[in-house]
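Down below are the structures I want you to see.
Common to both upcoming complexes is chain A, partnered first by chain B, then by chain C.
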Partner chain A sequence: MSKISLFLCNCFGEIGRVIDLEFIRKKFEADPDVDSVTIVDSLCMPDDAAKAQVLTRERRIGKVLIGACSPYGKMEFVRLGLAKEGAAVRAVDLREGCAWIHGKDPEGATRKAANQIDMELALLQNRKDSKDLTLRVQQEVLVIGAGPAGLSAACGLARLGFRTHLVDRGSAPGGLLNVVKKVYPTDEPGPGKIKNLVDETGENPLIRFYGKTKISSVKGYAGDFKVKLTGPEGNTALRVGAVVLATGARILFPQGLYGYGKIKNVITQMEIERRFATGALNCKTAVFIQCVGARNAERPYCSTICCPLSLKNAMRVMDENPGARAYVLHRDIMTPGSVLEAYYRKAMQRGVQFIRFDAERPPEVRGQEQVSGVEVFDSISGVSRVIDSDLLVLSTPFVADPESAAIARMFEIPVDKYGFYEEVYPIHPVETRNDGIFICGTSRWPVSSDQAIAQGEAAAIKAASFLGKETVSALAMSRVPGGKLGHAAADAAACTGCGNCVAVCPYKACRLQRTGNRSVSRVIKVRCKACGNCVAVCPNGAMQMPEQNYRVTGEMIRRAFREVR
Partner chain B sequence: MQPTEKKKRTILVVGGGVAGMSAAFDLADSGHRVHLVESGHDLGGQVAKLDKFYPTDHCAFCPLWTEIRRCKEHSCISVHTNSRVETLEKSNGSYRAVITKSTPVIDPDLCIYCGRCESACPKGVARPIWEHAYPPVYLIDGDRCGDCRTCADVCPTKAIGFDREELQAEVAVDEVIWSAGFTEVSLAPLKEYGWGTHPDILTSLEFESWKAESGENKGAILRRSNKAIPRSIAFIQCAGARDLRLLPQCSAVCCMHALKQAQWVKRRNPDIHCVILYTDLRTVGRDYYEYALRDFGGNGVRLVRGRPSLIYPLPGGDGIAVKFEDTATQKREIWKFDMVVLNGNLKPTLSSLPGDNARPELDAEGFVNRTATSCGFVMEPADVTESAIQASSAALRSILADKS
Partner chain C sequence: MSVDRGNVKILVFACRWCGLIGADGAGRKRIELPASYRVIPVDCAGYVEPDAVIRAFASGATGVAVLGCHVGGCRFNDANHPALKRLELLKTLLDTTGIGGNRLLLGFGTAHESHQYADMILEFHRAMESMPSMASWLPQGQ
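And now, the complex of A and B:
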C-alpha cells in the first residue's frame, strides 16, 4: 500500500496562528500510513504550488492530502493541479472550517484539524480505484424528426463533417412549417424559411434522409447506440454515437370548445393557415380567442407561440380583406423580448383590437350553424361586448405528441408531466439525463420556429463536441471539472438481484443481468454519475463505490471521534 | 471529410455571463480556442449576483459555479477578467482584437482572502467581493479610497498595487460572439416611480442582493430605511420597460423574477403581504405558468393588474404610497406599502463592448443586430435557459461562418 504525502498550508499565518501545525506535523509523521509531512507558507502561490507539484512528480507520490483553505477558496485549483500529476488528491479545509471559525479555541481547532486529516487519511488508504472504460465513440449521428429543429440539427452536424441519419415519419422534411404560409415576425413563407435546410438534406452527401420511417428498437448508451429503423426500404440497423430527438408536437384539436366542429367558421390556427394557402379567406370581422385549452387546470402552461401567431394572422386578415376588422381576445399577451414586443406594437398600430378576458368568464360564441358573433366580458373596461363576427379562430396550445412517450422510453430519458422531453437542468437546456441524447424543438417544450432552429443548432454542437472526442474515458464523462468520483460496482457474489438499485438509479445505469440461474446487478459505467443512491439502498452491501466504499466510510466515522494526542 | 480535418478556429467571446460561458465551453469542448473577455472581476455575470434561480428555486450560484470552473480550467479557454475589448479590426475575413486588462488594486490572482486589508483600512473601503465570486477576493473601492496605502503594507502576498498600468494583449481571432448581457438603466427620468427618493424604493436587482441569504441581512427580509420587518411589499412590473419614454422592449425575465422574489419573501416571512402589479404576466417557459399559479392561493402573493401612475414616500417615513388603477375593478386605488420593488429596467449592456469603431451594429433599442453573432440578453432579452440555447447556437454559427 503506497504511503501518503501530507502538505499543510500555513496561509501566511492565517492557519498557523490558530492551529498548532508543528503538533500536527509530529503527530502525522509518526503515522505509519504517512510518508512525509511538509508545511508550506502558501500552497496557492506559484512557488509553493510548483514545489508541491515537482515533489509529487519526482517522488511518484500516488496519494496526496492537502490541508489548506476551503474548496470555495483557492484549494480546488491546488487540488486539480496536483491531480494532474497522476496522484489521488484529497483536501481538508483548515482555514475557514477550523482556524477561522474556532479562532478563540486554538486547542479545539487543532484537535478538529487533526481529526479531519485523520479521516481523510483513512479515505486515501482504503479507497479503491473504479475500473475505467475507454469508449470508442461512433462517428455517426441520428436525428429523429425533420421539422425546423431536426433539420437545423442535421445540417449543423453534417456541416461539421459528421455522417447524419435524418429520420422522419412523414414522407418529406419540413414538419409543421410546411403548413404555415407566413411565419412571424418576418412574414417570410414557412417553407421558404427552411428551404436551404431542406435542400441541404438532399444535396449534402453526409445527410441521409429516411422518410416514412420509425424507430423500432434502441440499445446501448452514449457513444454507441444501436438503433433499428423500420421504413419503406425495410429495416436498417445503425450504430451512432449520439442521438438528437426533434420529434415535434401536436397542436391541440379543440373538439367541443367554442362550438368547434358544430358551428361553421369556427376554426383553428392551422386551418386559417390552410385557408390563406388556398386564398379562400373572405371575412369581415375575424375574432381570435387565445388560451383555448391552455393555461387551464388540465394544461397549466403557456404554449409560447399562439399570441404572436394571432398577431400575425390578425394583421394578415386585415391585409387581405380591405376593410376587415380583427379582434384578439386574450388573457395576457405573451410577447416577451424586444422583437415580439415590437411586433405587438405593430399590430396595435395596424388596428388590431385587443380585448382582455378573465379565465373565469370566457367568451361565448353566437350563432347556430354559422358563427355570427362573440360575446366577451372585457375585464379592463368591465363591460360585456358583443362583436359581430364571421370568423372565429381558436388558438390552441402545443401538446406532446402521443409517440413522444414511447420514444422517450426507448431512449431512456424522462418526460415532464405534460409529456414533453425534459432537459437535465435549465442551464443545460438541450442535454438530457441520458448522455448522448439531446433534445430540441417543440418535443422539448413549445417554441417558435426561430427558437426551434436555434435549439437544433445547440443540440448539433453539443452532439458534435461529444463525437469529436472520438474516444472518451467513462470517468471523464461529467459536467464537473475533474471528472466523476467513480463508478458504482456490484459484487456479483453478494448481489441477490433484488433490483433496489435499478429502481432508484436516476440515470438508468443499473441493470439486472441473468447469469446462470440468477439475476445480478450490473452498472453501465458510461451512465453512472456516482450519485451513490444504489449503494444506499443495497440491503447487503453488494453495491459499492470503490472510491467511497464501506470500509472508507466506517473508518472515517470511527476516526471522526478518535481522541487526539 | 472527417471531422478532425476541420480547421480549428479561434473565437473571441465578449462577456462572461451564462451566455458567454456556455458559448465558450461549447467551442472549447469541440477543440476550438476561445478568448473569453469579461469586464467584471469574475465570470458569472448577472446570475452570479442572484440569490435564487427560477424555476428550480435553487441557489443560483451552485450550478453556475460548475460552469465557471469548467471555463477557467479548460485548456482551450483563455479567460480575461477585468478586461475590455479596446479595438477590433477586420481584415481578410478575420479579426485583430486588442484586449485591455486593468488589474484592480488588489490582484485577484494573488489575493488569498485573508482580510487583513479590511482590518487595516481606516476608511473601510477594502471589502470582500460579492459572496458568490469564485475564488473569493477583496476589492478596494477606488472612489472612496484615501490613498494611505496601509493595506499594501499588511498584505502578505503583495497583492496590492496602486500604480498598475493597464496591460494590452493583441489577439487574432476568426469570429466574435457578443454576449455582453444586460445592465440596469436608471429609473430617475421616470419620476412617477420615485426611484432614488426613498431607500425603501429599490430596483429588483438591488432587492435581490438586499434579501440574499449570503448578503448582509443573511436572508432576513427587512426594510432598507430602518431595518424593521416590512408589513407589505409591492412588486412593480414593467418599470421603465414596455415604455416608449425609456425602454420600448419587454425585458422578458421580470415577471418570473418578481414571482420568484415574492415567493421567497413569503417563504422566509409568511406574514409579509406581497402584491405584484403587472401588465401581462409573461410566463412562457417550462413550468413557468405553474410557478405563477403556486402563488395565487394559500401562499398569498396577490397578483393585481395595474400600472402605477405615481409612487411616493409618505411623510414621516410611514411607508410608500402606490397610486394605480386596478383594471379588474376599474377603481383608482392608493395603497400603502412598506417597500416597493421596481422591475423591468434592463437594457443590453454596452460597457464591455469596444469603442464605436469596433462595436457591432446595434438596432434602435441597443440590441446587437442579427448580422453579427450574439447570444443572451445583448441579442434579445433572455433568461438563463434561453441564453444557454442561444449561446450554443451562436457557438455553432461562429464555427460554420463562411470565411471566404
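And now, the complex of A and C:
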C-alpha cells in the first residue's frame, strides 16, 4: 500500500485561525499511512499549486489528500490539477465544513479536522478502482412512429449522416396529420405541413421506412440495442445505438359524455375532420364544447391543441356553410403566444361566439335522437342560455396510446400516471432514465404538430450527440460531468441471487443471470449510475462500490470519533 | 455502568448533491454549529446501508443523520425513495431494540437550503445532548 501525501492549506489564515494546523501536522507525521505533511499558505494560488504539483510529480506520489476549502469551490480545480499528475486525490473540507462554522470552538474544530482527515485517509487506503468498459456505439438509429415528431427526428438524424430506421404501425408516414385537412393557424393542409419531411424520407437513402411494422423484442443497452421488427417483409433484426420514441397519443373517445354515442350529431374533433374530408358537413349552428374529459380530477392536464382546433373548425363551419353560426363553450381559451392569440382574435372578428361555463355546471344537451340544442350557464353574465344547434362537437384531450405502455415496458422507461412517457425531470426534456432512449411528440405530452416537429429535432440532436462518440466509456456515461464515481460490482461467489438489487435499482442496471444451477446478479455497467442502492440492500455484501466499498465505510465509521492525541 | 450525557457524537451521511452542498452553503454563511458531528460524503442517500447506521451506533455515535435530496428531487431518479423506506423501517427496529428511533435523523433538502441544513444539525445536536451516550455500552478501551 503506497503512502499518502497530505497537503494542508492555511487559506491565508482562514483555516489556521481556528484549526491548529501544526498540531495536525505533528499528529499525521506520526501516522504510518502518511508519507509527508506539507502546510501551504494557499493551495489555489499559482505558486503553491505549482509547488504541490511538482512535489507530486517528482516524488511520484500515488495518493494525495488535500485539506482545504470545500470541494464545490476552487478546490476541485486544485484536485484535478494534481490528478493530472497521476495521483489519486481526495479533498477534505476544512474551511466551510470546519473552520468557518466552528469558529467559537477551536479545540473542537481541530478535533473534527483531525477526524475527518483520518477518515479520508482510510478511504484513500482502501478504495479500489472500478473496471471501466469501453463500448463501440452502433452508428444506426431506430425511430418509432412516423408522425410529425418521428419524421422530423428521422430526417434530422439522416441529415447528420446516421442510418435511420423509421418504423410505423400505419402503412404510410404522417400520423394524425394525415386525418387533418387543415392545420391551425396557417390553414394549410395537414399532410402538406409535413410533405417535405415525408418526401425526404423517400429520397434520403439513409432513411429506411418500415410500414405496418411492430417491435417484437428489445435487448441490450445504450450504444448497442438489439431490436427485432415484425412487418409485412417478415422479421428484421437491427442493431442500433439509440432509439427515438415518437409513438404518439390518441384522442379520447368521450363515451357517455354529453350523449356521445347515443344522440346523433354529437361528434368529436376527429370526426368533424373526417366529415370535412368527405365534404359531407352541413349545419346551421355548430356548438363546440371544450375540456370534455380534460382538466378534471381524472385528467387534470390541458391537452394544448383543443382550443386552437375549435377556433379553426368553428371558422371552417362558417366558411363552408354560409349563414351558419358557431359557438365555442369553454372554461378558458388557451391560446398562448402571439400567433395563436392573433388567431383567437381573428375567430372573434369572424363572428365565432364564445361562452364561458364553470366546470361545476357543465352544459346540457337537448334532444333525444338528434341534437336540438345546448343549455349553458354563462358564468360571466350569470344567465342560462339555450342555443338551438344541429351539431355538437366535443373537444376531447390527448390520452396515452394503449400501445405505449407495452413499448415503455420493452424499452424499460417509466410512464407517468396518465400513461405518457416520463422525461428526466427537469432539465432533460427529451431524455429518459434509460440512456440511449429519447422521447418526443405527443407520446411524451400533448403538443401541437409544430411543437412535435421541434421536439423531434431536439431528440435527433440529443441522439446524435450520444452517437457522435464512436466509443463510449461506461464510467463517462453520466449526465453530470464528473458525476459518476464508478459502478457497482457484484461478487458472483458471494451472491445468493435473492434479487433485492434488481428490485431496488432505479436504472434497471442489475440483472439476475442464470449460471449453472443458480442465479447471480450482474451489473450492466453502462446503465449503472453509482447511487448505491444495491449495496445497501445486499444481504451478503456481494454488491460493492469499489470506490467506497464496505472496508472504506467501516473504517470511516470506526475512525469518525477516534480520540485525537 | 455510568450514564454519560452531553458528549455528543453525531455521524452524518450527506449526499453530495444536496446535503453536502447545503453544508457548503452553511459554511459560506458562517453559521455557527457545534463541532460534534463528522461527515461521510456519499453519492446518494440510497448508498447508506442500515448496517452502516447500526455500526455507527456500535462504535459509539450518539446519533446518526442521513441527509439526502427531497423525495422526488433525487439526482438518481428516485434512488432516495427506497432509502427513505429502508431507514424508516430501521427506525422501528431501533425503537424495538431500545436504542431509540429518534437517534436516527432522516433529513431531506435541496442544495440551496443551507439554513435548513444548519437548523437540522443544531436541533439534532440539542436533542442528542439529553440522550445517554452509546459509548456506555462499548467494551472498555475503545
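Note that the second predicted complex is superposed on the first by the 535 of 565 C-alpha atoms of A that agree within 3 Å, B and C clash if a C-alpha of one lies under 4 Å from a C-alpha of the other, contacts with A are read in each partner's own complex, and residues count from 1 in each chain.
Here is the rule we go by: contacts are C-beta pairs under 8 Å (C-beta built on N, C-alpha and C of every residue); 3 or more make two chains touch, one makes a residue touch a chain.
Keep in mind that what you see is a predicted model, and the values were worked out from it rather than measured.
In the superposition on chain A, A:K529 makes contact with chain C only, not with chain B. In the superposition on chain A, A:K219 makes contact with neither chain B nor chain C. Greater residue coverage of chain A by touch, when chain B is weighed against chain C, goes to B. Contact with neither chain B nor chain C is seen for A:K131 once the two complexes are overlaid on the shared chain.
When both complexes are overlaid on chain A, the residue A:R361 reaches neither chain B nor chain C. Once the two complexes are laid over each other on the shared chain, residue contacts for A:R409 go to neither chain B nor chain C. Looking at the shared chain after the overlay, A:Y72 reaches both chain B and chain C.
When the two complexes are overlaid on their common chain A, residue A:G156 makes contact with chain B while staying clear of chain C. Chain A residues in contact with chain B (one complex) as well as with chain C (other complex) are 72-73, 480. Against chain C, the residues of chain A that register as touching in their complex are 70, 72-73, 93, 95-98, 100-105, 108-109, 111-112, 115-116, 119, 424, 433, 480, 483, 485, 504, 506-507, 529-533, 535-537, 545, 548, 553-554, 556-558, 560-561.
Partner chain A is touched in their complex by these residues of chain B: 1-6, 18, 22, 26, 29-31, 53, 55-56, 63-64, 66-67, 69-70, 73, 110, 112-114, 134-136, 156-157, 242, 248-250, 252, 280-290, 293, 327-330, 363, 365, 367, 380-382, 384-386, 388-393, 395-397, 399-400. Interface of chain C with chain A (complex): residues 9, 11, 20-21, 23-24, 26-28, 30-40, 42-44, 46-50, 52, 55-56, 59-61, 75-79, 82-83, 86, 118. On the side of chain A, the complex with chain B involves touching residues 11-14, 42, 44-45, 69, 72-74, 76-77, 80, 139, 156, 159-162, 295, 300-302, 304, 332-342, 345, 356, 358, 379-382, 416, 420, 422, 425-430, 445, 451, 453-455, 457-462, 464-465, 467-468, 470, 479-482.
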